[in-house]
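Before anything else, here is the set of structures, which you'll find just below.
Shared between the two complexes below is subunit A, which pairs with subunit B and subunit C, respectively.
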Partner chain A sequence: MVNGYAPKTLQEALEIRAHEKVIPYAGGTDLMVQNPKNAIYLFLNKIDELKEIKDDGEYIRIGAGVTFTQAIASDLVPQLMKEAVSRIAAPAIRNAGTFGGNLGNSSDKADSVLVEFAMDGCVRLVSVNGERVIPVEEFFIKRRENNLRDDELIAEILLPKAKCSMPYYYKKVGGRNALAISRIAFAGTYLVKDGVIEDISAAVIGGAAKFQRFKDIEKMLIGKTVGELKANIDEYVKLYSEKYIFTRGRVSAEYRRTVCMNLTKDFLNTII
Partner chain B sequence: MKAISQSIRKKDHDPKIEGRSRYLADYNFTDSGKEILCGKLLRSRYAKAKVLSVKLPELPEGYLYVDRGDIPGDNNVNIVLDDTPVFARETVEYIGEPIGMLVGADEKEVERLLGEIEVEYEELEPVTDLRKADHAFFNYEFGHGDVEKAFAEADKVYEEEFRTGYQEQAYLEVQGMMAEPEEDGKMYVHGSLQCPYYVHGALARALGTGPDGIHIFQDVTGGGFGGKEDYPSILGCQVAVAAHKAQAPVRCVFDRREDMEFTPKRHPSICKYKMAVKDGRVTAVDCDVIFDAGAYSTLSAVVLQRGIIAAPGVYDIPNVHVTGRALKTNTVPCGAYRGFGAPQTFFAVETMMNHIAQDMGEDTIRFKEKHLVKQGDKTSTNGKYHFPVPLPAMLDEVDGLAQLRKKHEEYSKPQTGRCRRGMGLSVYFHGAGFTGSGERDIIKATAKLHKYADGTVEVLASNADIGQGVRTTFPKIVAHELNLPVEKVYYNHPDTARVPDSGPTVASRSLMTVGELLRRAAIKLRDIWVEGEEQEVEEHYKEPDFMIPFYLDRFEGDAYPTYAWGVNAVEVEVDTYTGLAKILGAYASFDVGTPVDYNIVMGQMDGGFLQGLGYASIEKMDYDSKGRIRNNSFTDYLIPTALDVPNLKVTLHVEEYPDGPYGAKGAGELPLVGAAPAYVEAIEQAIGRKLNHAPFNAEDVIAALEEK
Partner chain C sequence: MDVITFTLNGKEVVYDGSAADRLLEVLRDTYDMKSVKCGCKEGECGACAVLLDGLLVNSCCVAVGAVDGSKVMTVEGFRETPQFAVLSAAFADLSAVQCGFCIPGMVLAAQAVLSQNPHPTEDEVREGLSGNLCRCTGYNAIINAVLNASKEGEGLW
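What follows is the complex of A and B.
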């Protein structure tokens, strides 16, 4: 027997969230499998205001209840995000799975969250007491741990428009072509103007219970010319190599390291 | 195409498509209206330990616990040997071994109580490493010619070791059995199974009732692939012992993790091959084959026999010596899986032949071609290939489908760049039907036809439709001979109380062997047909006259009456950055004789080939140092999806077998057997490394590339 609430408005949902211990249920594709005992769910799929994709001039705002299928069909969602979410599981899962769920579930293998890390994405969190907007990298602490307060719900994912239009690089490495959890995934964006690197960011899924992004290396690269990157590419790859942490999971740490370094180098080569 | 090959709608199509088929888990009550108790197994936590005590919590009324003390007959499950206990003896031999069963009305409550049972163990040292295993359940040796002399006179001697891993059947429906005590004192046992009479034999022994005290029924079964050959005998005994004590119906249906972790799978293997080459030809082969049997012997004897008989492959090698051992480890017992020992040795021999050819600077395809056996040649066991060997023509067919020779040559040149391609080939057989003289000496199949007064005809046989279509193909054969519309002939799921023992549903034998009995029975019935009368005819198995008698003690004679043949080619593109291999195409020609229903046979060919490609590439299962299976869910044990194998091109080559119905031979297992060597050769070509194990996944590709 499944117990829960199915509010029709966000306000209604927040009231319930404030007063009762409920599990927010967006698409349910993870919760259905986990099937926690005696759970009381807060079903969010009837709330239309969470299903919107908007452009506010500064950000592309993706509602927490937007499904991956919906995002793939949208004209607003950036291509990098579309590419990542189109490789999630299989059509049935993409029809149900949502951005809010993917982030709230706090998996370190969440494909949409990787892109949010790489694109300086933010999350808008709401409660009966108000709202706050924080960077995704601040929200996501590590696997199974995030900064969502007991009375809060995820309302929107915010992707900076400046990043949305940049050239990008994406590669997912799973155990097979569909229904596969990322063993390694690499997402990056960059901007080169007149031979100078104006912007670069890259994040990876590679174990270690988190997403890895190294802004200090990115800072070193910004302002360099493409020629300088080309001349010193092995140095930069080495810098990344020293920073990445890989752990053994379904595959070995060595495999993750080799593949991730191959992809890092390939990404940097793409910029050249 | 022959008339009999024209496809018809499968008899189980409508009920399955419409969701009306009743699987074991679908029973709300028994057919006699009784409530069904739920049974759950108490399993060993250790790979080897003495069970000192089992302390039960207080059990509510209607809940009970059974173990080996409750078995009315004896605590040995009749399989090949009798070493598998119904419930654990004094020691447990693998993680998950059933110690007892807890039974009660409410599943959640049974689960809760199960968790409160305290078992006291004295841990013992398990053997989990196959290389350290020293107890051989079975140890075989055979050969012919003078291997020593051939090695002494050789221009060059090659030696190499090959390894293969577990493979899980991954059928849609998990294992499940139910037992119901009947009013007349008999025990009725039914469930998801392949071999009603195997279960019958096991139950008669465990319950001590003799054959008349029980009957077995096969429920609609959601796939078997060999996984439900021996295991339902074990689970059937367990639920029957519980039902006997409870005097109430008891059902046990596994969850997926339980099924993946604790039921039989394909034997991991280590094969050591040594081959002598003289004047460009292989003159001798000496192979030592080791299979990981797990904790009990179950079906390992027969799996190993099929494996070692195939060890020299489809090649005419004058001097042969083969040893084979099934070794005990403290892990889950391995059993039957489509191919039954042959995928392991064909992987080894095909890869060995490739490596020798490469070393000699010869094209691997041409090297194999010049060694192929032909009609009249000796088999590895001094039997004879009595019928034409169509491999050269099949190679040409695959060449046409895959541009095999051209691409193979192109990809054999050194490649650079991120993505590299390869094309691999395998050439192989699958012995049709039981190995050796089992059909004649042990099974002695009988099949019947019962004609009712209204002119409908019922097939009475014990072969289980597990998706492969015997509920359709058997009636098709009978209807064909009787000139009846196929709607007038039907074949229900077998109940041993009603049907004779036509043998188990194994070894790709049902259609070839039992189908032929039914064809002959139909001719008999046609000859005595009287309109409006109820009539019955019976037919018994007779070994074909041409066969050279097989002696298991010497591995001498015809191990099989005939062979199904396979030629596979696989083309891959490997991303050297990620190790991921994309299958660009998988091509095959299969000779299973005349297809008795083209669509059914093609379904078997595509499905089996796909399972073989999974075995070759991503289906990896392993256990940890304690002997616990790591990959016990579909998240951790990956099987191919439709997106992983987009392009299967399969053609049938028909070499008719005169003793099979309309020329049909064994079909079900063949398509799995040769995929692994073809796939791994393709990866070898792409990455330019010599490889010797399967599965070979992305991680293996990267490791091989990193190796300097």
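What follows is the complex of A and C.
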């Protein structure tokens, strides 16, 4: 009794997705931990068009079936993303785990999704009825909840090239070096020109069942000089501190707050 | 899918069970590949690691339907190769094996490292084996065995 689907093309996969009750299977690394009983999988791992990494001039487009190992070896994937995914689990997981799976699984500890939040990443969703491109922060609602429709599949992650070339900051704090789930992870990009902050964005994994990014604080910082940031750094750190929400998980909320505030200050100091 | 066909240690096999079955269990129970160990069933220990199209994966986190058309190698197949002979001798020389439970995964992880990088540094070996847990050896003997194998097996990888 063989009960799965292994389409060779995206179009074929979308037809099955539209008409059958299936669970999209990309790398399997999260899905197979549960392996729900009687699951009928739509295997997407043999679809070549989902494994491409492209530069369209405006975006770096990472196919949903691209593995973390593949991304680390790519010349197109930005360094910030490479750094984040190179610290996911260990080689055997990175060889199988994919960008589409990491986003679709919607863990609030998904290391590649954190970078997508920080870089204004978008996701291209496709179905037999067409496609839509939406910001990742709109796609991801909270832990285990996203905006994927029943007939849709994740096709690509889009990272704006403008952000890809900016200086960045990345720190992941886990319980160990390998096979570590982020307790706190912090990703940020920034651009300073002639002493003025032209762009800044930052997002954190912090156990609040979602990724946290505060665009209002970023807006306040854009246009300020590095000198102004330096003079008022504690004020800005305080603004972040008032906004972050931390919950208890494998570690206490207090631990998360302390680490996250240290990283926030370290990030702002990096810009100075 | 009608049936799942894949190459296991160089021989084509046809699996007609559920596509959702774990590769780990299919390898052990249907094909008697007992080198593949069940440690954690959540991708955390590497005891069930196999080479899938030449890349190291944890077979507990792979549904058998995903390997249709692929090549799977376990230690039962790898032990027929000259690379295995070198790794086996290096592990024995340095007493890198105690209880042995992690060793099939370790050996395949070592093969994955050396096939991509025949002359790895110690850090690169540690990184390559970082998903394989060992409760006996403290790792150093295993790392040194892989580094020795890299020298002894010059030209093989």
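Throughout what follows, the second predicted complex is superposed on the first by the 270 of 272 C-alpha atoms of A that agree within 3 Å, B and C clash if a C-alpha of one lies under 4 Å from a C-alpha of the other, contacts with A are read in each partner's own complex, and residues count from 1 in each chain.
FYI, contacts are C-beta pairs under 8 Å (C-beta built on N, C-alpha and C of every residue); 3 or more make two chains touch, one makes a residue touch a chain.
Please read all numbers here as calculations on a predicted model, not as lab measurements.
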By residue count, is subunit A touched more by subunit B or by subunit C?
C
Who does A:A178 touch here: subunit B (first), subunit C (second), both, or neither?
both
Examine A:Y255 and indicate which partner it touches, taking first as subunit B and second as subunit C; both and neither are also allowed.
first
I'd like to know which partner A:D266 touches here: subunit B for first, subunit C for second, both or neither.
first
Contact-wise, after the overlay, does A:A90 reach subunit B, subunit C, both or neither (first, second, both, neither)?
both
Using the touch definition from the top, say if A:G195 reaches subunit B (first), subunit C (second), both or neither.
neither
I'd like to know which partner A:G223 touches here: subunit B for first, subunit C for second, both or neither.
neither
Residues on subunit A lying within both footprints (that of subunit B and that of subunit C):
90, 177-179
Which part of subunit A faces subunit B closely enough to touch in the complex?
90, 171, 173, 175-181, 184, 250-252, 254-255, 258-259, 262-263, 266
Which subunit C residues qualify as touching subunit A in the complex?
1-4, 15-20, 22, 41-44, 46, 49, 52, 55-58, 60-63, 65-66, 68-69, 109, 112, 127-128, 130-132
Once bound in the complex, which stretches of subunit A touch subunit C?
1-6, 25, 27-29, 31-33, 35, 38-41, 43, 45-46, 69, 89-93, 95-96, 177-179
Which of the residues in subunit B end up touching subunit A in this complex?
576-580, 618, 635-636, 638, 640-644, 697-699, 702-703, 706
